[in-house]
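In the two complexes below, subunit A is the common chain; its partner is subunit B in one and subunit C in the other.
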Partner chain A sequence: MAGAITTHLSEETARRPRHINEGPVVRIVLITIALLFLGLVVLLPLASVFVEAFKRGMDVYYSAITEKDALSALRMTLLAAAVAVPLNTVFGIAAAWAITKFRFKGKNLLITLIDLPFAVSPVIAGLIFVLMFGAQGFFGPWLASHDIQIIFALPGIVLATVFVTFPFVARELIPLMEAQGVLEEEAAASLGARGWQIFWRITLPNIKWGLLYGIILCNARAMGEFGAVSVVSGHIRGQTNTLPLHVEILYNEYQFSASFAAASLLVLLAIITLLVKAFIEWKTSQRKPATEGGGLPLLENE
Partner chain B sequence: MMRRMHTFRSVVLLVALSLGLTACGAAGGTQTDAKKPVKLLNVSYDPTREFYVEFNEAFAKHWKEKNNQVVTIDQSHGGSGKQARSVIDGLKADVVTLALGYDIDALTGPGLIKPEWQSQFGNNSSPYTSTIVFLVRKGNPKEIKDWNDLIKPGVEVITPNPKTSGGARWNYLAAWGYALKQNGGDEAKAREFVGELFKHVPVLDSGARGATTTFVERKIGDVLLAWENEALLSLKEFGEGEFEIVTPSISILAEPPVAVVDKVVDDRGTREVAEAYLEYLYSDEGQELAGKHYFRPTNPDILAKYTDQYQALELLQIDQDFGGWNAAQEKHFNDGGVFDQIYTPGS
Partner chain C sequence: MKGSKGKSRSVLPGFGLTMGFTVFYLGVMVLIPLAGVFIKTSGMSLSELWQTISAPRVAASLKVSFVTSFSAAALNMVFGLLVAWVLVRYRFPGKRLVDSLVDLPFALPTAVAGIALTAIYAPNGWIGQYLEPLGIKVAYTPLGITIALVFIGLPFVVRTVQPILQDMDKETEEAAVMLGAYRLRTFIRVILPGLVPPLLTGFALAFARGVGEYGSVVFISGNMPMKTEIAPLLIMTKLEQYDYAGATAIAMVMLVLSFLMLLLINYLQWRSNRRVISE
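Our next item is the complex of A and B:
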């Protein structure tokens, strides 16, 4: 999760000299194992989602995904992601900036804290907010007297989503910005650029693909989060259900086709996310790898 | 460089645009009608899902005809104890329809409900009742006929967690009551029996519906301790070819009660419609729907129509046989109670 995982292999790494290469049998066995495992663990379950979803025909599928509660769940999911992702993007850039550009006390503590949501179980993440904002919680009486509802409403769902998706952007950017170093910015500063100018014209263009990659991971998790949201949602149908919760409800109501239809929506959202990610990786791979070392990328960029 | 900035900008623009669209869509959805429709939130336990879908429609129609006002009822379902906890934590339920009185009693603590709630509606505020039966796989391969068959070697029992599920507490107490009767009231023997029973439970779900899907869908276990209505519903959903209901010699009269959440209805001004909603559960139509969804209606005339679906059996009563819910809860289910003493996960 930490660091930009680039899955797009370059031609050089793919081609190995013959004398260190394995024999054809080993090669075939290894490739078969990898593909079989992938098929069994990833592709088969995904395909079965669609098979189950369409089992009772297009009509059932269509009515399942256009039903009132399903649409409201979809809207809730998109809304939570729409708030959580930009918030975490801004925070992620700020945190990565602070950590890689400045020296200050407690820097390591900050890095550890950023990782905290990965370490904490999502259920605990949800309970934290119940303990803080629930009617019996720390801020409960104050919120109640001002008629503000956080838990069991949209704000609670957004908070829980923000919490669990908190590290993605920062985690993506920190190694990238560390590797890039300060040379380009120093050059810009020596030519008279100011803070914002440097940020917009040097830093942001350099980190943009890593940033987008972080945003995509963050978005994928935000739309798929179940545990934390389940705790703070209150499960009111048509009101505070997100898509993953809606899938569970339908499944528990013996509406299996409808439940898989809703699940297929989530899969589609995931596939769109993956396509965007693949596109970004393809874009990144078009850049020459020389920029990574922090040599003199300015020349190369022109 | 400039070209790349452009692509980046357009991506950002696209993202911003799509976010804006979703926000608009959301805002458009929350328009209010001129007729001042009213909304209720019914926080309920697991096996009432199908019943309340139909009942809510019937009540909305009734209310529209009588008061010319549109009422929509939102539903939330989950394990009974968990649902009560959510209401305590601030889930704004106008009415609660839970699995047992104790969970509603819990709401009197923070002042959400008046302590004398149980006398507000008929029959101890329980418009329908149910009991606990066994659901076994077709042909009853493990030959399970009564409670003592559940602790035979090799039998796996599915029941939810009594800490979070109301149904599971009824299951537990029914087993306890059976063991007491068998052993002439010897508590040590009852404790031993129930302890042994829970050693046969491979997985504790948090609610009754989770336990049912574990048994029915994931095909784990040999017998499911289930609400009678839940067991009958499973038969209906999956056909009689896969499961059979076994009625034990003794079970417990389960009374899932209902209550208006006083604090919420007074804050929201929904008391009148909330009370009418619960009253309507006792109407002929409400009772018919309860019977249709395999609960036992409390109206004797309507119960008579549905007697075919229920087996006769000896029913223990919580007040007479266990000294009421508070006593039962304190002794068995509170932290450090009998259940904690006999159940160690993974054993």
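Our next item is the complex of A and C:
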């Protein structure tokens, strides 16, 4: 989705000789249009959340985010993410290991299938689990006779969350591990290291930043998912509401300040995500020159 | 991918374990549930299916979804290119912050984007109140839906164009200048052709996301049947009325279309990768 971690901004390309650059007037005009556009489309909505949230003052804000239903929604959101993110992380690492360290037929098909959930509308992501586990679903009667509830309960929310965040970690790791190749791991194996040793000592240190990046993107989506969770949750207040659904309910009840107050918590999540991302980008750009210069030069140009 | 691919008989362990888990988890979490949509619709006859899909309200919602997503993706192609260009090629204060801001739509939960945009563009909203006297209605019209989808789709275009623009070599541009081309001509003839594949990929990604988008749209769209009701919302409505067959039929149309988009995107990416490698 957001591509593998790369530092988008290098000083090199921004420093251009005059004959292959625009004149100062054109430059200033283009920069101004771009910034106005971003301000209007991206920054203004961000600002509006906080202004609307604090419109009725600190007290309303504070009571809105400490109210019982809000806390229960927050708990639900954290719980769903706490299950979905580790599951998808383990999957992402396993898939990336199988895909990048071995050669087999149908690899491209497998990668496309892993991407599939990105192409599916969140509402459909919810629908498919209702079709499977809902009262009229394929397993509905069986689940009902065994008194197991999946839809309109936590398991349904977790399933929908797992589905929509499925590709995040795998998508970050596959290009990264593909680029790193297998030589370091093969060297370790030939020196007698065992599978897990290779993974913990060689692979994990190499992929840690990419992995972390995948995890925070996965987490942001897991905590913020709305459409898919909305289909399967049943909107039972105090029980199966997640934070984004809580925002919706308050909004539809015209409790705008409370709604924006709850939304501001989710904005904080987004800002933290972006900060961690910026930190990882900075970290990897720092490491790059060092590893390119030193390391194992023989292995680099096979 | 510098020739360092694993061999078919690798010395590395773990293929069986990781591959087995990958296929199992993919099957259980994604493929089997998705197959449910097709199994459910296979129970309908073709004429039944067609009747559901061509019902005026369903057809109208599909049209609203596709037209607004297309317009938003097209707008993003223009502004996304501009933003990527400015970020890659020019220097200005606060550039890093602006660059991070581009990812906000990825990180911000869609429901939050939805209520924020509505607060801005509603008739009594921040911007809406100035547009209202001019006779321009944004919220609760297709224009509002388009604005929400521009917000959602922007990073797709910027982040696909940016790395390509970054890696473009200066030499080709210099050659064009030497041969006497003006700046605009250099841009149109030399720079733009190289940017067409990423722009199309970005367009396709933004479009595909827009068609399925729900959270950021439902608040600003007003959800009037036949006018501003999007297809994902209609699925939701049908589900709430326990019309599972109807909901699934719409879902299947959207799924087939998004699979086609996914294939197109993969093809475009494969083509632009090949071009980079062959150069």
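One rule holds in what follows: the second predicted complex is superposed on the first by the 275 of 302 C-alpha atoms of A that agree within 3 Å, B and C clash if a C-alpha of one lies under 4 Å from a C-alpha of the other, contacts with A are read in each partner's own complex, and residues count from 1 in each chain.
Here is the rule we go by: a contact is a pair of C-beta atoms (placed from the backbone, for glycine too) under 8 Å apart; a residue touches a chain by one contact, two chains touch by 3 or more.
These numbers were taken from a predicted model, which means no experiment stands behind them.
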By residue count, which of the two partners contacts subunit A more extensively, subunit B or subunit C?
C
Touching A:130, do we find subunit B (first), subunit C (second), both, or neither?
both
Report for A:149: first if it touches subunit B alone, second if subunit C alone, otherwise both or neither.
first
State whether A:238 touches subunit B only (first), subunit C only (second), both chains, or neither.
first
Quick one: is A:251 in contact with subunit B, with subunit C, with both, or with neither? Answer first, second, both or neither.
both
Overlapping contact positions on subunit A, where the subunit C interface meets the subunit B interface:
130, 134, 136-137, 251, 302
Give every residue of subunit A touching subunit B within the complex, in rising order.
72, 75, 78-79, 82, 86, 130, 133-137, 140, 144, 149, 151-152, 204-205, 208, 212, 215, 234-239, 249, 251-254, 301-302
Could you pull out which subunit B residues touch subunit A in their complex?
1, 4-5, 8, 11, 15, 19, 22-23, 25-26, 29, 41, 46, 49-50, 74-78, 86, 88-92, 110, 209-210, 213, 237
Counting only contacts in the complex, subunit C reaches subunit A at residues 1-8, 10-15, 17-19, 21-22, 25-26, 29-34, 36-37, 39-40, 79, 82-83, 85-92, 95-96, 98-113, 115-117, 119-120, 126-127, 147, 150-151, 154-155, 159-160, 162-163, 165-166, 170, 173-174, 177, 183, 186, 208, 211-215, 219, 231-233, 235-236, 239, 242, 244, 247-248, 251, 254-255, 258-259, 261-263, 266
Of all residues in subunit A, those that touch subunit C in their complex
1-3, 6, 8-10, 13-17, 19-23, 26-27, 30-31, 33-35, 37-38, 41-46, 48-49, 52, 87, 90-91, 94-95, 97-104, 108, 110, 112-117, 119-124, 127-132, 134, 136-138, 159, 162-163, 166, 178-179, 181-183, 185-186, 189-190, 194-195, 198-199, 217, 220, 223-227, 230-231, 244-245, 247-248, 251, 256, 259-260, 263, 266-267, 269-271, 273-274, 277-278, 302
